[in-house]
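Structures follow.
You will see two complexes here that share chain A, one where it goes with chain B and one where it goes with chain C.
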Partner chain A sequence: MKAMLLKRALQLVTVVWGVGTLTFILMRSLPGDMAYRIAASRYGQDNVDSNAAALVREELKLDQGALTAYWHWLTDLLQFKLGDSLVSGLPVMDTVQHMLGHSLMLAFAGLMVSVLIAVPLGLLSAWRGNPFDSILMSLSSVIRAMPVFVLGVLFILLFALHWNWFPVAGFGSPAHLVLPAVTLALSLAAVSNRVVRDSAKRTFAAAFYQFSKVKGLSAWQTFRQHGVRNIAVPVVAFFGIQLVSMIEGIVMIESLFSWPGIGHGLAHAIFARDIPVIQGAALVMGVLFVLLNTLVDVICLWIDPRGAKTV
Partner chain B sequence: MTVLLKLTNVAVYVGDTCLLEPISLALNQGQPLTILGQTGSGKSLLAQAIMGLLPTDLSVSGDIEAFGKVMTIEERQALWGREMVMLPQEPWHSLDPLMKGIDQVKEVYQFVREKDPQEALAMAEEDLRHVGLAFNGHKRADELSGGMAQRLAIAAATAGGAHVILADEPTKGLDISRRDGIVQLLQARSNLGSLLTITHDVSVARQLGGLLLVMKEGRLVEQGEAAQVLDYPKDDYTRELIAAEPRAWQDMAPTMRKNDADDILIADNVRLERGGRTLFDGLSFSIKQGEVVGIVGDSGCGKSSLGDALLNLLPVSSGKLTRFNKTAQPHQWLKLYQDPPSAFSSSVTLGQLLDDVVDLHGIDKARISPLMDRLNLPEGILDRNCLAVSGGELQRFAILRALLLDPVFLFADEPTSRLDPITAKEVTGLLVELASEAGCAVLLVSHDMDLVRKTCHQVVSI
Partner chain C sequence: MTIRFSFGRVMLSVAVLSVSYVAPVFTHSAYATPNVTNTLSISAAFEFTSLDPSKNGFIFSRMQMLETLVDVDENGLLLPALAKSWQVSDDAKTWTFELRDKVYFHDGSLMDADAVVNSLRIAQGKHGALRTAPVTSIEAVDESTVAITLSRPYILLGAVLANYANSVLSLDAYGKNGDVLALSGTGPYQLYQFSPPHKLVVDKFEDYWGKKASIPYASYLTGHRAESRVLQARSGQADIVFGLDPASLPSLKRLPNLEVHSNPIPRTIVLKLNSGHPFMKDVNARKALSLAINRQGIAKGILRVPGSEADQLLPTSMSNWHLANVTSKTEAEAGTPESLLASLGWKKNSNGMLEREGVPFHLTIITYADRPELTTVATAIQAQWQAIGIDTKVEVTNSSAIPMGHQDGSLDVALIARNYGFIADPLGVMLSDFGSNGGGDWGAMNWNNEKLSADLMTLEETSDPVKYNKMAQHSAQIIYDERPMIPVSSYVQQTSVNKRVKGFRFDPFERSFYLNEMEFVK
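Showing the complex of A and B:
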């Protein structure tokens, strides 16, 4: 466990440096004059001329060499100075924190709802078998095959425009959270209910599961004593993967529902060449990636301590 | 004498095919009943049928009476743990892989006997002490040896108070010293009720005593008092089974062609370590060309590791291994694996696997056919893959593949421990006979002292 945590800490440093450097290189190799793009974002497309661009270039020292720029950036990074947004002038830390908070809220809400959908359906599917199993399988495939924005648009049309139950988009009240979270949850649960079902089916068929009943435990006692934990092993790992990959995949939902999250914000920052924000967001996402993975690993190790010595 | 279980014309079918022909038997209080026969003879189905554990695609006919009453499956399932219990064949798979051993006993006291948690734990501790696992309760199944796992399974199975115990191959894959312990434990646990054991091991049947039923291919061939049947078998099949027991084997060690054969390997004062633990130390022996050398010892003592070291697959920690016969290629120092199906790829046919070896080493194809005849391998198996042939056939095929390479040394790692006694005897005989004819030395690892004694020129104990 200790060795694993140490390894993860080292990974964290590498990720921070790697992601930072990569963003740096990519941003510098984007086509177009950076000064013009920043000026356009600041003053509006119509008010940009070469004077404005020159002013921006002067102010942000955009004409310095690549290596010097990299050096400046790296020393800033080592002091945790992420700088200010080039567009809004607000500190990057605050901007990222603001966006990330919203993203995480949506991601966790989506994941929780998906767990509430996937676990009971998966267990029921493993327990009852056909025809329920086949019906659920088809339904899962259909939902999975649909791009998530189609699902979202369907929900908007139905629940927001037709029935008027929830707001179409935006942020502010718990009601705003419902549609994006449910959309996200359904697309996640479409896959994870199958994982729950497969794991449960394997466990129910296992020799130790049968032996527990032969020992005299009732079906419910057997499920509680030997089912839950054994079923959970691959399921928890899978939920972990879903949560982690959601951090990058959430952008579609955020755009669709105008959710002020990090995916949405990052996309806008790239259009505007707002480099400090891009770097900050990419860095925080990289760090989050490692932290969430570590958390998932620790939980998995706690559920299934086999092989702990080899980790 | 109270009749605990009574079966009248019980048969098992899948669709219209009969897997187990009608059988009638009675299990009496205090008189163990043993069913003896080869794997695949339908014995396990019988135990599952009694418990009410058969897969749903199998159907049962006939009456199963327990404690003087004909019972439906549901009624018999209600007896599980409290009155009647079945011991699993593979204890490792029957124990929850994520739960500490002691908790798997404790839960039975807690939920079946409805004790409070502390009392249940104390009783479980007491049970583990009884089966010699006092200091191993905190371990999970993967940290236990096969014998320990089986003892834990017995403690867990009988904690609910069941006195009628059905044991399906309870000693499969265990060393002889462990096997006797398990049999005694089973006897002790069932002395208030009775024990129905299913086994292919004649010595287990002998040790258990009581009544004996001999089954072949789902059919009862002979029954009677165990001692009577085993000492004076009437049926040919029973005789064959008894003769297949290693201790009844004729001396099979092939005559060495010349006594002054050259050494091919000398081990001098060898010490071997695995994972920081010394397995053995100061081991010295020599192996001559064409000699059959047996290695015996308890499981986990380093028999297999020694074989791997001799093949140069593992480094020795100290001491010296000298291999002579420098002209031999590395592929002429070979290994025969314990579990044949896991030594073959199932995605291509056996014929393809053989052709690959022939092509790679430029072997004369004319040699294959006579060797296949000697090994009793029908041509037809070359069109099948490794899962579609029997374990015995597959192990003989493995011998064929090894011998085609003209090995100088063949390390056979428990080559027959997963086979039936009759098949095991046949395979072992062929192995030593053919290898010796080819002048190939054989290192035969086994946990069965009798088997080694009957087949080897030299025995090394670890």
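Showing the complex of A and C:
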């Protein structure tokens, strides 16, 4: 375990440097003049012109070479400084915190609801077999095939317009979280219930499982003592992957529900060539990925300690 | 020592922990949002990132937090605001503003000449119209008088001062270098919650000098997608929704709880042409491009506002700059697009595409995605130009690509939405678009008409309305005849207002939402 954590700590440092450097190189090599892009985001399309771009260039010293800018970023990073946004002038840390906080909230809420949907349905599907299994399979495929945006609009039409239970968009109260979280959860559960089902089916069919039944344990006792842990390992690992990909990949839900998340914020920062925000966001997300993966590994190890020596 | 955890218990604690992680974010004071009954909620497409009026002042002035020395009415005439009156000296080079008494900032301090001078000097150092105005000094004469001296007469000063970038904030609102730390303006509403880039809430300012607000709170939420904004209007979640998609209007109009307002605004969809381009150098080529556009079709079929087609840059409401005698037939008298292009030596090849001395007629239209209608209009024009044999390509990019393409000369044609009311007097935008050096970033390109440049410069100093009208009309005629820019359609702002709100009024210059005039129907 200690060796794993040490390895992950080292990984963290490499990820921070690698992600930062890579975003820097990628952003610098994008076509278009940074000063103009930043000016457009700062002053809006009615008020962007070459004067604004010149002002931005002078203020932000964009004429300095790429190497000098990179060196500034690296020395700042070593002092744990992420700098200020080129567009708003606000500290990158605050901006990222605001966006990431909302993204994490939505991601966790979505994941929790998806667990509540996927685990019982997956188990039931493995337990009962057909026709329930086939029906669930088709339903999962349909939901998975539907763009998450369409799912969101359907929910808005039903729950916000028809019944008026929840607000259409926005943030700031628990009611605002419901529709985006449920939309997200449903599209996640469409896949994860299949993972739960496969894992459960494999366990139910295993020799040790049959044996524990034969030796006289009740169905519930067998499930609790021999089923849960064995089913959980691949399922937890899969939820971990879903959580990680979700934090960055819910741009559509964020813009549909006016949710101020990091996916949306990052997309806008890229349009604006707001390099400190892009680097800051990518950095924090990189760190988060390493931490979440470590957490998932630790949990898996705890559920199934047999793998400890090989990790 | 080994510690054994029960699997179920750990799962339970994970659930509890995640709930306790989520919960505090909601109970944070900034989220104690005023409730539905006391808050007017507004939804529009614009994001905001900064407190600085020079950047996002357009939202803060619309939400009535900020005010300027002078105001404008719906016809662009100057009205007293923080200045109760002003005088222009005989040589027209000094403007003296008498400030209103007993006006307080949101931080409680008194608005006086020092605060005004400070705000204006800071605005002068930032990007905006004041920076380019011929202002030599801004001084406090006494506690309630401010004098602005100019290097030459400049009738636009009043309109420039009415721009949001020149709002007056308290002395303490600024940090060193003129950074804006707090938004303490003088408007009837003050900042209550600021969560860039999506949401802000204002609450009513009790010490406001003018008509005090009746609605306690107002919130602004950025709705990026037009579909989502329409749904907010339908569900009643938003009381006022700006920038509705015209396709959704018929169904919205049928709803009993909504009223839909359609207001023309001085914004026009225009093609900016590179008149130095070898294919567009000749005025007849530009006329042919203009004639080939089916404006009525675009207005009716794409923008879904029949009658919004435009063959002049400025709308009828800006009568000095609108030619009354021009109709859609005037242009057609020149000939057909095909005949005009044939007279310039263009011939159709075997594929039906135009060629001259073996060179195909190829043009690239660039446009930007900030306004979704621009992309569809661009593709419609592409099809209409293809139909007369011009090989046309459309590139969707960032709005900054237009000034950039102008400066580096790489631009062929750009489809833009130009706001002629950005400065309340259209002369402001006309000067930057046609004033000098063969045009401007958002105006004419590689096109120079010395008579027009000279006229526009003279207009800056012309205060006689009759003379002004004559020269402005002449300038508009030159632009119409020479077609350095081709107008396509004018804008109509579509707004839905929930019937629980009364007193809604639309500002064509988009400076204010007039929140303080609105009330909830009891």
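Note that in this section the second predicted complex is superposed on the first by the 311 of 311 C-alpha atoms of A that agree within 3 Å, B and C clash if a C-alpha of one lies under 4 Å from a C-alpha of the other, contacts with A are read in each partner's own complex, and residues count from 1 in each chain.
Quick note on the criterion: a contact is a pair of C-beta atoms (placed from the backbone, for glycine too) under 8 Å apart; a residue touches a chain by one contact, two chains touch by 3 or more.
Nothing here was measured: the structure is a model prediction, and the numbers come from that model.
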Using the overlay on chain A, decide if chain B and chain C clash or can fit next to each other. fit
Could you look at A:S218 and tell me whether it touches chain B, chain C, both or neither (first, second, both, neither)? first
Looking at the overlay, does A:S85 come into contact with chain B only (first), chain C only (second), both, or neither? second
May I ask you to decide whether A:T294 touches chain B, chain C, both, or neither, giving the answer as first, second, both or neither? neither
Check whether A:I303 is in contact with chain B, with chain C, with both or with neither, and answer first, second, both or neither. both
Once the two complexes are overlaid, how big is the angle at chain A between chain B and chain C (Cα centres, nearest 10°)? 160
Classify the contacts of A:R37 with the two partner chains as first (chain B alone), second (chain C alone), both, or neither. second
Once the shared chain is lined up, is A:A206 touching chain B (first), chain C (second), both, or neither of them? first
Now for A:T21: first (chain B), second (chain C), both, or neither, which partner does it touch? neither
Could you say whether A:V168 touches chain B, chain C, both of them, or neither, answering first, second, both or neither? second
Counting only touches as set out at the top, which of chain B and chain C does A:R229 meet: first, second, both, neither? both
Residue contacts on chain A - larger count, chain B or chain C: C
Across the superposed arrangement, the tightest C-alpha approach of chain B to chain C, in Å, is 12
Show me the chain A residues, by the header's touch rule, that chain B contacts in one structure and chain C contacts in the other. 229, 303
For the complex, which residues does chain C have touching chain A? 5, 7, 15, 18, 21-22, 25-26, 31, 33, 46-47, 49-50, 52, 54-56, 58, 126-128, 131-132, 179, 195-199, 221-225, 227-228, 231-232, 234-237, 368, 370-371, 397-401, 403-404, 406-407, 417, 419, 422, 432, 440-442
Over in the complex, which chain B residues touch chain A? Could you list them? 51, 53, 77, 80-82, 85-86, 88, 90, 93-99, 107-108, 111-112, 140, 142, 153, 156-157, 159-160, 162
For chain A, which residues are in contact with chain C within the complex? 32-33, 36-37, 39-53, 55, 85, 87-90, 98, 101, 104-105, 108-109, 112, 153, 156-157, 160-161, 164, 167-174, 177, 228-229, 232, 255-258, 260, 264-265, 268, 271, 302-303
Which bits of chain A are touching chain B when the two form their complex? 206-208, 210-218, 221, 225-226, 229-230, 233, 303-306
